[in-house]
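Two complexes follow with subunit A in common, the first pairing it with subunit B and the second with subunit C.
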Partner chain A sequence: MVLRLSNRACVLSGSARLKSTLSTYFDEMGKAGIILKSASTGIFENLALEDWIPDRVDLQNRSMLLLWRNSPVVVIGRHQNPWQECNLPLMRRLGIPLARRRSGGGTVFHDFGNINMTFFTSKKKYDRHRNLKVVTSALKALRPDLDVAATDRFDILLNGHYKISGTAAKLGRTSAYHHCTLLCSVDRSILSSVLKSNTSEVIKSNATPSVPSPVKNLLDVDPTLDSNTIMDAIASQYSNEFGFDSPVITVDPTHEGLMPGIHKMAQDLQTWEWIYGRTPKFSVCSSIVVDDVTIKLDMDIKNGAVGQCAMEIPENWLPSEMVNEFTSTLNGSNYCPNETAVLMAAFMRTVSMTADVAEKIHRLCAGVVSVM
Partner chain B sequence: MAMCAALRCVSANFSAALPLLTRPAPIWTCQNSLRPNILRTLYTSSRLSGALKFTDKHEWVRVEGTVGTVGISNFAQEALGDVVYCGLPEVGTKLEQMEEFGALESVKAASELYSPLTGEVTEININLTDNPGLVNKACYEDGWLIKMTIEKPAELDELMDEAAYEKFIKSLDS
Partner chain C sequence: MATVITVRAPFAFLRRLVSACLHRHCCSTVQTACFVSRPHSYSLIAGQQHRFFRTSYVAARPILQFKLSDIGEGIMEVTVKEWYVKEGDKVSQFDSICEVQSDKASVTITSRYDGIIRKLYHDVDSIALVGKPLVDIETEAGQVEGPQEDVVETPAMSQEEHTHQEIKGHKTQATPAVRRLAMENNIKLSEVIGTGKDSRILKEDILNFLARQTGAILLPAPFQEIRPPPPAAVAPSAPAAKPKEKRSPPSIPTPVIPKPVFTGKDHTEPIKGFQKAMVKTMSAALKIPHFGYKDEVDLSQLVRLRSELKGLAESRGVKLSYMPFFIKAASLGLLHFPIFNSSLDENCTNITYKAAHNIGLAMDTSQGLLVPNVKNVQMLSVFEIAVELNRLQTLGAAGQLGTADLTGGTFTLSNIGSIGGTYAKPVILPPEVAIGALGKIQVLPRFNHKGEVVKAHIVNVSWSADHRIIDGATMCRFSNLWRSYLENPASMVLDLK
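Coming up: the complex of A and B.
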């Protein structure tokens, strides 16, 4: 394995012996604490790295801190409902993807101005308060006058009021991870617009809800605080807090040779079934207006698919047999605007109807898709 | 499910010894006064009689006929804190022993659940949808998680009975 060592940081290059993986490299290092930086800004690759480490690395006698940042993305918690948590049509227009993580907690927006930190430990050593102390101490070491403090909900507040960090965690068989965000210089106007759902009033669900909070960037209170400075301070404080002599290693989570199985983990996180299909059962009850006609739409969505669909449409606007055919076409389909549009196009080709009816069905379809 | 033993140290409530079982354990108390041959019969028939068996991940399974009911122990629910959501598998899902089958979300974390046995899910506790707190309030009764078939009954022999489980959790303190 070729390493380049400079200033206690080293980068693992691709010319590793095939037998050596990141795991064996850590074993050989024999360090009790290791700090990793991800070379990727892809959410799925980074979430896969979070899956890979507890699965393949021995964390019983070793703890790790992973520092990572992503290009713009909305990340929902394991048991959340994206239709309730964020504005999916806006995200599609802006090209901002959606990811579902495996830990619990609420919905967050990431961009390059946000630092993610994941603390990996054995289950015995799982201690979120101590981890957050690393973050607040690091910030205070940089700027002693900074008013940052962790709450008992494991948020970090700036000036006692603005949320700059949220926490989530996952407990596995023998190990655990606690990860949190840190708002350094995030685009707050995008953050607030994508994290506001356009359809939450029409959804009835028992998915875990987010707790909205006013937010601020660290940059807002101190323009000299940049992400790299903060990451270095956190890495340093991590070593201090836990008494480690941790090297800082940059890893490329797309390197399958170094991390066998990681590619499949990233793929699994990108399936429709995981991102949307894992949404707990919910129902949609909406009134859509088409041509001055109010149509009541009721749908039950299970595993991201339309289970039951009912529509109340005035008989003189569309005949009920047509409405029944329309709703039965939707039954069993994924609650997804693209799929629905394709189904509707096929419906209009195969079912004979007058031009007038076709026009109405087309507008009805647009109305239905608008809640997806 | 796997628990963090350190949580016990942090939580003041834990410093007192035994977590309480919410349901009485008549079979356990009877065993001590019975003669060996009767004891032997009891052990073999406990597989069918509804006695609880435990995993080291703090799940329990109660066998009634050919169906096993699965839940988490009092130790686990206390360590977990208030459960706010139960992520359970679909009926019909086939599970291997130790395979992850879902997660409980609480203020502590999303905690994965691991199947104590190999079998197929026959029922999930739908009461947990609206009332996930049942897992905390009645972990051995109304707070059950799933029911499943028992494809390999021998796996039950590998699990701990109530007495062994009590010993096990006491040992976690040290």
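Coming up: the complex of A and C.
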């Protein structure tokens, strides 16, 4: 049974039940297991939905599965360093946004060829192996010859070698969720180029590193396996495995009326402070070459902001007071190319300098920004 | 000085209380005598006992060790990734304390008690073991130690990040600690006004409610904005009101208008990033003696021209606004009046006439004011300027403008009218010497050359210029030339390079 929630929502408001939310709707349904499909392909709306459900829905006597897909985006884990994990300049050029999720784990690339599954349970019923069994059993039910198996690191491997799914989890006080990806028909060339950092050698940090693995799409081994078929198989296997009689409901995570507070959750996930500022402290140690001059750059970054910036520049190339002013301009600013560019523009407007000094500062700035 | 106390309490509680005493006081000789062997037979030096319990803040609060509870899946150790509290912070039950990570799972650890954090046992990135202490919390005397198992609550409390130590409770209007307090005092939660987030009832609200009933004097609760004081109680600043009420005639008591007590706090934060850039630039601009010159431009013909060309530009994939025309007209004007495209050196000894017309565009972005510039406008056609504007606007909206686009400007225009306004007093951006701000285009009645009232599209321009090198007459002539190009766009064609 597939119910379109938006229609039901009209019915709810029509009968003037003002306090009805998705949560009360679930309570009224009285089902022990519910399967949701997100109507949105926006990463921030979907991550907000993952935040909203454990916060507002009773998960002690009920479990839920959420199936969702996103337009191209790179998602890093809670405690990771984006500068270490992905190629930010390339992503900016390609228009691929960056998101930080609230669960741990490594960095992944999503596009429409990737299926995300989130298993919501109470903390007592948290069992990642059982969840992954749902996925592998569903795939085997579709194609019995498929060699898919879960590892003890909670990955799913195809043919014993290629990673087709990665896992992450978030545990709260009373409930937990476990989510994983599934590569069906992802653009692998983009995946490998965006997930390769351009600055990892210059960064020293304790952030959780990703473990790169060779990947493959399910579509590569069987061209008849498409995302919708796979999602349906997983939904029915979920019901089988846990003994639920689960309806599949499509949910629109932008519907603030049904999910009060979800809009703010999505906004919180999009702030610079969350996406970049939450990076554990790290240091950058790089050599930039400008006009055949090698400049050593050292920066300590805390909460995404430049704490200490030091540059070693030969005195005859630029006067040291100019260099000191340059570094003090950077201190306290966010480790962000846009903000640095704006600060540099203000610096160049307000500090008097000759044209050739201005040129050098310009190129120096370009070098500094290249590691951001 | 003796600090022995009499307690009639469970032994375990007593032991903690005593060890808290040992922690807090430095009377060494008495300590050894004080230590647990005869739990119920201590006696206090008379007179000190009551004072001790009521006024002594320090000694009576037990410090409870909060141990890392079982996370599930047989996990024995985790890495502490982030602390949400520091020593000395006040926490409530269910506030987030820290974030730990184990095996791709991120776990939010929440507090089991109300109290003050006294010690953090681990640094960030160190390993914490299940069953070992995580933090020490100093609690209220008499607080019962929370359950070892997490209490199963419906609906679930938030696991969101608690950056400001507040919980987003929703259906739960109050934490269990608050509910207990209400129950002990026979208060119905529905009668209490909640002042926490989403009308959540806080402990302070229960205390206020109680005070209202007993008429006691209360201190205003923290984290509140304006709170009208309870009608029967009095504000701390006016303790005399109560006796006054008694004195007034019982038949018609004079109404006491409660003064709203404002408890909001000032918030200071350092200036950095985009704000710092603007502070620096505008402070430097102060050194320039500005003068203003304002005029009115009739854009009726330009409006007609643009509506004709809009479709053509769109077919080429470009959005055409009025700005490309304003910019091109300015560049044509600069050819005749190069002083507006110059720069004065620091000692005001030399003027440099810049060859390139890099015309800046004041842009309002989500991060604030940014001024990218279009390079070499003197070589660009109106269409090419429009293309460049589109590119800069897209980059600006995406937060991706680079130093190349943000530096090197020689003259600036601000289209503040796209948001609103008519006249402005723009500030010159050093090292430039002039700037123009355009108000909104309004349709107003004007007289034509025949003396008839016609509809005219009017925009107001406000120029500011550096009076050290530019005088009013020059400004007026430049503005008139610029205006003539826009009021009669056909004349632009004659002078277009």
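Just so we're on the same page, the second predicted complex is superposed on the first by the 355 of 372 C-alpha atoms of A that agree within 3 Å, B and C clash if a C-alpha of one lies under 4 Å from a C-alpha of the other, contacts with A are read in each partner's own complex, and residues count from 1 in each chain.
The criterion applied here is as follows: a contact is a pair of C-beta atoms (placed from the backbone, for glycine too) under 8 Å apart; a residue touches a chain by one contact, two chains touch by 3 or more.
Model, not experiment: these values are computed from the prediction.
Colleague: Can A:Ala169 be said to touch subunit B (first), subunit C (second), both, or neither?
Modeller: Touch status of A:Ala169: both partners.
Colleague: Now for A:Phe112: first (subunit B), second (subunit C), both, or neither, which partner does it touch?
Modeller: neither
Colleague: For A:Trp317, select first, second, both or neither according to whether it touches subunit B, subunit C, the two together, or no partner.
Modeller: Touch partners of A:Trp317: none, neither subunit B nor subunit C.
Colleague: Touch check for A:Thr208: first (subunit B), second (subunit C), both, or neither?
Modeller: both
Colleague: Please indicate which partner A:Ser333 is in contact with in the superposed arrangement: first for subunit B, second for subunit C, both, or neither.
Modeller: So A:Ser333 only meets subunit C here.
Colleague: Going by the contact rule stated at the top, is it subunit B or subunit C that touches a larger number of residues on subunit A?
Modeller: Residues of subunit A touched, subunit B against subunit C: more for C.
Colleague: Between subunit B (first) and subunit C (second), which does A:Tyr126 come into contact with in this model arrangement: first, second, both, or neither?
Modeller: The answer is both, since A:Tyr126 touches subunit B and subunit C.
Colleague: Contacts for A:His362 in the overlay, against subunit B (first) and subunit C (second): which applies, first, second, both or neither?
Modeller: In the superposition, A:His362 touches subunit C alone.
Colleague: Could you give the residue numbers on subunit A that contact subunit B in one complex and subunit C in the other?
Modeller: 77-79, 102-105, 123-124, 126-127, 168-174, 176, 178, 206, 208, 280
Colleague: Help me check something: in the complex, which residues belonging to subunit C touch subunit A?
Modeller: Residue positions touching the partner: 71-73, 81-82, 94, 99, 101-108, 110, 124-125, 150-161, 168, 170-171, 270, 272-274, 276-278, 280-281, 283-284, 345-346, 367, 370-371, 398-407, 429-431.
Colleague: What residues on subunit A touch subunit B, complex-wise?
Modeller: That would be residues 77-79, 102-105, 123-127, 168-174, 176, 178, 206-208, 280-281, 303 of subunit A.
Colleague: Of all residues in subunit B, which touch subunit A in the complex?
Modeller: Touch residues, subunit B against subunit A: 1-7, 10, 57, 84-85, 87, 90, 98, 103, 105-106, 108-112, 114, 129-130.
Colleague: Spell out the residues on subunit A that touch subunit C in their complex, using ranges where they run on.
Modeller: 23, 51, 54-61, 77-79, 92, 102-106, 122-124, 126-128, 153-154, 167-176, 178, 206, 208, 260-261, 265, 280, 305, 332-334, 337-339, 341-350, 352, 358, 362, 365-366, 369
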